[in-house]
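Quick heads-up: structures coming right below.
Common to both upcoming complexes is subunit A, partnered first by subunit B, then by subunit C.
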Partner chain A sequence: MLNLIIFIPLLAALGILLGAPARKTALGAAIAHCALTVLAFLSYDRAAGGFQFLSSYPIAPEWKLNYLVGADGLSLLMLLLTGLVTLASIWLSPRVEKRENLFYACLLFITAGAAGAFASVDLFFFYAFHELALIPTFLLIGLWGSGERHTAAWKITIYLGMGSFILLAGLLDLYFSIPAALRTFDLRELQQLATAGNLIPGTSVASDGWLVNTWNAQARPYLLLLIGFGILISLFPFHSWAPSAYASAPTPAAMLHAGVLKKFGLYGLIRVALPLLPEGAKVWANLLLVLLVGNIIYIGFVTIAQRKLDLLLGYSSVMHMGYIFLGIAALNVVGVSGAALLMFAHGLSIAALFAMAGMLREKVPTLALESFGGLARPMPWLAFAFGLAAFASIGLPGFANFASEMTIFFGAFQPAADLSAPNFRLATIFALWGVVISAVYMLRAYRSIFMGEPAREPAGWIDPLKSRRWPITVLLAVLLLAGFAPQYFYSYLQPSIQALLPK
Partner chain B sequence: MDARFPWFILLAPLISAAFIHLFARKSRGLSATISVASVCFCLLASVFVFVSPGHGGSSEIPWLDFGSALRVPIGVTIDDLSKVMLLVVTGVGALVHIYSLVYMEADESEARFFGNLSLFMFSMLGIVLANNFAMMFIFWELVGVSSYLLIGHWFTRESAAKAANKAFLANRIGDFGFMLGILMFWSATGTVVFSEMEAALPNLTLTAGFLTAAVLLIFCGAVGKSAQMPLHVWLPDAMEGPTPVSALIHAATMVAAGVYMLARVSFLIELSATAQLVIAWVGIITAVLAALMATQQDDIKRILAYSTLSQLGYMIMAIGVLAPGAAMFHLFTHAFFKALLFLGAGAIIYALHHEQNIWKMGGLSGKMKWTFLTFTAGYLALVGCPGFSGFFSKDAILLAAWQQNRWIFCLGLFTAFLTAFYMTRLFVVVFFGSARSEAASHGHDGPARMTIPLMILAVLSVVAGYGFLANRALGAKLAHLLHDSHALGGAGIVMALATLAFVIGAAGGWLLYKGQSKDPILIRLFRNKFYFDELYAALIAGTQDLLATLSRFFDQWFIDGLLVRGLSGATWASGFALRFLQVGNLQAYAFLFGLGVIAMIYLMVFR
Partner chain C sequence: MISPLSLEIVVLILGIFMLLVESFSKSDDKQGLARFAIVILSALVGFSFFTTGNAGVDLSRAFYSADATALFFKRIALVTTIVVLVMALEYRTVLARFIPGVTPGAGLGEFYSLPIFTCAGLMFMASAVDFLLIFVSLELVTVSFYVLVAYMRRQSTSLEAGVKYLILGALSTGFLVYGITWIFGLTGQTNLYAISEALHTRDIARAPLLFGVMLTLVGLGFKIAAVPFQIWVPDVYQGAPTPVTAFLSVGSKAAGFVVLLRVLEPFLGLSTINTNVLTLLAILAGATLLYGNLAALPQDNLKRLFAYSSIAHAGYLLVAVASVQNSPTSFGSAGVAVGYYLVAYLLMTLLSFLVMIVVSNHSRGDDITHFNGLAKRSPFLAFGMLAAMLSLAGIPFTAGFYGKLLVFAAAIQAGKFVLVGIGVITVAAGFYYYLRVVAAMYWQEPNDDTKITLSFLSKFTIGTLTALIFIFGIFPQPIVQSLRSVPMIQTAQH
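After this line comes the complex of A and B, so read on.
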């Protein structure tokens, strides 16, 4: 099943490059891919738990290197996210004038890469699949982007390139820190070793330092991973590639990258860094707190100052990463599970928002807020849907974003035993204030676009066609479902996360 | 009664809201019918719950469940407090829904209005029924959302859009403290469920500082929702919403939610004397300042809005002097007479084609007989005329203040005087003298669906204060608290002083405004609401906007400009690398990122 989920988009992309009809093939692949992720999600046996749907193919036995895929609750939620956002983004792709084949192939490569990374139980393929997804992102921005696409593409290339290299260095450092006899790429084995304390023995850390706690053997690889993943996630102060890239990217690329691919870094922190280097995580916990408050408060203020919708959404997406980091930093089941659910929720809501921003862009290419006004009258459906997505994004009850943020607040207020509770409480206070900040910019944007006197000729504006509404409806419906019944999703996440955290 | 029965009260308006928004947005008749049907069902069910003996226990479903680490249920609780609140919310709610059938008839977005009204009923009933802090917070936020949507109902008006944003933000600022307070009590007791928290507290030793901070943070939530100083600024602006909304949400129910929440957690407030003092003073200062502002307003709805602020201040003050019984009593009577006054004002506004300036009205007592009669009942109840409901409940609050803190009592008495004064001003200017505009000379009563709710509310405004109704409604525990307070003494003198304040205020207002065609006095400080709005505008421009601009500048020129480009320049030092990375050079990208994989393979395999 997982092989199909990964290889259907991959093969479809290759087929398109070889001349298959681009949009039809891509749509077919996206529908099949999405249906399979839903199916996998529903058929996962929660009572049994652990990795399921395992399938492997030996690559280099002497290195214990296998192509090995499998999924637990956490991977399945990410795969579901991938499936939903892929379908929505390909469905809503605008007409492509030049090189349509390459365009759709790139989108499908991102999907295949992201799905592969989420489904890999092997460290090598985990990394390699992400590389596969990264390159098409640059192409999409560079070739089909708008506005200052050259600068944006240049920036994201250098930036994420650097992130990937640091990440690679971190993974290598991790790999070679393991005693030679124990080395393997199998994440399950690595995790068992780490749980037993044999992987990289690091002394247990008490939280006494201000920014950095007592150094130990896990500190260096964890820092490399934190920065490497952090750059990919737009952790402050490595964030500045994100807003301009999302502003320039074609709509489906922005949806896929912000919605899905960016979650790879967070997924990596939870899947690789936390379980294998728990003592390293404690060393850098306070530093991470400072950086994530930068994400929430500093980026929050930057977002308030934005006057264009695409940049505003881009910065807000950077800001919300801070909440996910907060949950991860807490190192307890409550916080990390909340972070995982927020990854899912944020992916859906930002994809819906970028999709609708793309619809607005068709009329006003600059997306400057002051050039809109009163659109709720000519476009009641879009005003309604955008309102729901905006409410979701600023964390209002009823949506998964609220449920997960609330879980994170609880988790961070009472962090894992070895961490400094006062520091975490201070960070939680900042995070709560961030909730006010996000209301400031989102409501202002909503007001200037949809409320007030119509600024332009209303005749030019009409609601999107019914056929272009339903992908957004589906995204919002899933957000509401997870907001009303978060426990259903936590029943997937909780055991998986519990297994990943140090006992 | 089955413990699961109250769930239906919660679900009916949710189903109505969802159905209207999803399927009936174009059908005005259907949406109105569904919405009214759902609220009538809620009313009947609430009456049934009310008359059912006992408390029915509480029933819950898990919403978040992390075992011992965190448990947040969605659960309903039925006790004296929630029973009376259910009656108030569904009772006023039903009348306002019926009234809206006429008031919103000509509105093209009637369906959206009724959908949002149902959403509001759902959220408000969630607050009432919540058996734990986290669930209350969820519905607390939802009430803020529905209020935002309803204030912004006429969204094409710039002022309505602004007012909606303002209301939402003020509430969110309050909620910031509220959530923090919840987290503090949760971290201390390990639970968010009220009953478990109450049981856990005696076994804990918490410092006075912790308790004071936590109680005051919880109180922040009430400051936002019940529009107390300094977050009161949103409520007068909220009058941009349709008048039925003002009556239901911004007078009778939502703004009273802060008082209800504090009454619900009075076991926490008892823990900190400092916090009690702060709460009492915030309440009474709000009461006095809002009453002063009300004396100089010209918009009929705004006068009533400031009056609401002032009365909410009373209730909060009562909470602060540990008289939750008196606070709930006043909440109960106030809901009826203030809803009545707003709906009466709405009938006038409706008849006068959306004229809201009292100086453009006048002489309406003869032309709008039923409106006049019912409004009179509401007016007398609000100013505390002996025999009317407001007299009894206000008296209970003043008595509690008298027994606790004489300074606060004096300010309370002063507020009572001001209330009588500004309401008499409104009453005289609107209903007596000669018509001061073309529209006012053609005033007329609305149709029956409009006047019948007024009549019902008028009857309630008279009788709600009497023991046979009030004691029954408030339930044994709260009524007992009220009686205990009477036993402490001072009842006679407080009643006499309150009556005197009413007489002087009403007489002053009558003498000053009888036969006037424009306001004979002008006090700029009051008229301009103590310049709070200007102060906040300056504060926001000086802090938030400045910080935002600075942050953006820093981000653009330092982090992005210098740091990123400088660093990347150093990393990829050679001009070759830069040339290599020119956009459009596909092979370059592919090559560069192939490098990542290749390097890894190289290190793995050939090292």
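After this line comes the complex of A and C, so read on.
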């Protein structure tokens, strides 16, 4: 099943490059891909837990390197996110003027890369699949982007390329820190070794340092992983690639990248860094707190200053990463599960927002806020849907974002043992102010687009056709569902995360 | 089973035969000759899998070793030569313009036969375990390159390249010979195994030994284009006929590295000097990485870009050599890293040169702008070039990624974190200059819309190389397997 989830988009992309009708093939693949992720999610046996749907193929026996896919509750939630956002983004793709086949092939490559990374249980393929998305993004932004598209494409590609090689160095450092006889790429085995305490001997540390705790053997690989993943996630101060890239990218690419692909780094922190290097995480916890408060507060203020909708959404997506980092830093089940659910929720809400921004862009290419006004009258449906997505993004009750952010704050207020609780409480208080900041910029944007006096130019706004409404409706419906019944999703997440965290 | 030496003998006979045909044949068109050579060399690649090994040979008294390393690098030499001949066929129209000839097409025969001699030299180098044979085969390679680099007699850049290559090549040979004499003077031996024995059994002064090793490294540094011995590379690469540039950057480098590994083996096995040698190699590696990658950034001419990129890749290879440790086959071993990297380098460099020759035949130039809009003019060529560029940059699922992965793995295992740090920065630089070509091909509009035609042979070669880049980018096993029995070097236990 997982093989199909990965290879359907991949094969469809190759087929399109070889001449299959672009949009039809892409839509077919996206529908099949999405249906399979939903099916996999529903058919996962929660009572049994652990990795299911396993399948493997040996690649290099001498290095114990296998193609190995499998999914637990955490990966399934990410796969579900991939499926939903892929379908929405391909369905909502605007008419492509030039080289339609390359456009859809690139989108499907991104999907395949993300799905492969989330479904991999092998460290090598986990890394390699993510990189599958790098070049398609470069082509998508450079060819079909808007505004300063070439600059943005170069920036994101070089940033992410360098980030992924730092990540590679971190993974290799992790690998070679393991005693030679135990080395393997299989994440299940690594996790077992780590739980048994045999992986990398790192002594427990007391929180005596202000910024960096006492050094141990896990500290260096964890730092490399944190920087590597951090660049991919746009952790402050490595965030500057993200807003410009999302602003310039064509709508479906922005949806996929901000909604799905950026979650790879967070997923990697939860899947690889935390379980295998828990003592390393403790060493750098205070530093991470400083950086994530930078994400929330500093980027929050930067977001308020934005005057264009695409940049505003781009910065807001950077800002919200701060909450997820806070949940991960807390190192307890409550915090990390909250972070995982927020990854899901943020992916859906930012994808919906970018989709609607794309609809607005058709009339006003610059997306400057002052060129809109009073759109709620001609476009009641869009105003309603945008309002819901904006509320979700702020984190109002009823949406999954609220449920997960609350969980994160609870988790972070009482972090795992050995972590400095006062520092975490301080960071949580800062993060709470972040909700206010989100409200300020989101509501201001909403007011200037949909309320007030209608702008004179351009005229003739009408709501999107019914056929282009339902993908956004689905995204918002899932957000509401997860907001009202978070327990259902936590029943997937918590056993998986319990198994990942150190006892 | 056939004797390994017969491979070289067949290659030499082939070369002499081609020279004779060139001299006595009445026909001016020598394309058939090149095709004949391609067939013979391809057959030899096949035969190389059925050779006998070293059984019963006392290597400390031998010139020639037929171990797995040697066979591996012989295959690299043969495949490189085959692709270079394909390129030469594609390049013949350009060549004819710059050669004075009574009739069109005359005087091209040597251009097909000289690479055969180079190939023989490269194959001998792969097997040489004695300084004398190393020196002689190296000269066979270098002398045939002197002619090939300056082959386009009517183009001043080609002549300039020839002169530069001749002078600096002769200088580097001088360094090499001087180094060899110091080592010979200290140990009384030229055979590498005998030298190793002498080093372990006799008390040999440390300073003169290090001096000799250093001079040898200087000599070999010229061949593999390591900084600070890279000064000839950009001009020679740009001026030489493009197939020769490809041959220089692949064949010459691969052979340089096999000799480097063999020559270093006895000295790295000696615990009194191995840290010094490794430090020296690490400094060379860091400087080569930085210089090659950073100087490649502003290049607009693709051949010049490849010259710097070739220096850059020598840097990655040197990182692996500087990270040699005691684990010959496992993941993270330096020997496997060098072997794999060279295979990947061969595939992606030859592929990009072949595409470049085809494109510049049509666009009359080899600047990056000549590739504008290639994705529209010829999706097939653009995809081949894309595969080569992604592999050179080190994107997963291409052979180049495994190469970089293994190099980084070796360096991290050996604790060379400074080199890893430099490597990460230079990889980011590499993303920029390789993707500039991709950007030109896919982002830009074509300068002219003429269809690009290419011969079946070129199409087949481009297709095969592209496929191999992806196959070896996913399944490393065939190469790892053939490298398994490679002893490569081991350092002394501390």
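Going forward, the second predicted complex is superposed on the first by the 500 of 503 C-alpha atoms of A that agree within 3 Å, B and C clash if a C-alpha of one lies under 4 Å from a C-alpha of the other, contacts with A are read in each partner's own complex, and residues count from 1 in each chain.
To be clear about the criterion, contacts are C-beta pairs under 8 Å (C-beta built on N, C-alpha and C of every residue); 3 or more make two chains touch, one makes a residue touch a chain.
It should be emphasised that the depicted structure is a prediction, and the values quoted were computed from it without experimental measurement.
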So, A:134: does it touch subunit B (first), subunit C (second), both, or neither?
-> both
What is the contact status of A:46 with respect to subunit B (first) and subunit C (second): first, second, both, or neither?
-> neither
Touching A:24 in the superposition: subunit B (first), subunit C (second), both, neither?
-> neither
Based on the superposed arrangement, let me know which partner A:158 touches: subunit B (first), subunit C (second), both, or neither?
-> both
When both complexes are superposed, which of subunit B and subunit C contacts more residues belonging to subunit A?
-> B
Touching A:61, do we find subunit B (first), subunit C (second), both, or neither?
-> second
Using the superposition on chain A described above, determine whether A:173 touches subunit B (first), subunit C (second), both, or neither.
-> second
Does the superposition put A:468 against subunit B (first), subunit C (second), both, or neither?
-> neither
Would you check which partner chain A:150 touches, where first means subunit B only, second means subunit C only, and both and neither mean what they say?
-> both
Both partners, subunit B and subunit C, contact subunit A at residues 60, 63, 65, 127-128, 131, 134-135, 138-139, 142-143, 150, 153-154, 157-158, 161-162, 165, 168, 172
How about subunit C: which of its residues touch subunit A in the complex?
-> 329-332, 375, 390, 393-397, 401, 405, 408-409, 412-413, 420, 423-425, 427-428, 431-432, 435, 438-439, 442-443, 474-477, 480, 484
Residues of subunit B touching subunit A in their complex?
-> 21, 25, 62-66, 69-70, 72, 134, 137-139, 141-142, 145, 152, 155-158, 160-162, 164-165, 168-169, 172-173, 175-176, 179-180, 183, 186-187, 544-545, 547-552, 555, 559-560, 563-564, 568, 571-572, 581, 583-584, 586, 589-590, 592-594, 596-597, 599-600, 603-605
Across the complex, what residues on subunit A touch subunit B?
-> 60, 63, 65, 124, 127-128, 131, 134-135, 138-139, 142-143, 149-150, 153-155, 157-159, 161-162, 164-165, 168, 171-172, 237, 239-241, 298-299, 301-302, 304-306, 332-334, 337, 374, 376-377, 380, 384, 391, 396-398, 402-403, 406-407, 409-411, 413-414, 428-429, 432-433, 435-436, 439-440, 443-444, 447, 450-454, 485-487, 490, 494
Can you check the complex and tell me which residues of subunit A touch subunit C?
-> 59-63, 65, 99, 102, 127-129, 131-132, 134-135, 138-139, 142-143, 150, 153-154, 157-158, 161-162, 165-166, 168-169, 172-173, 175-176, 180, 183
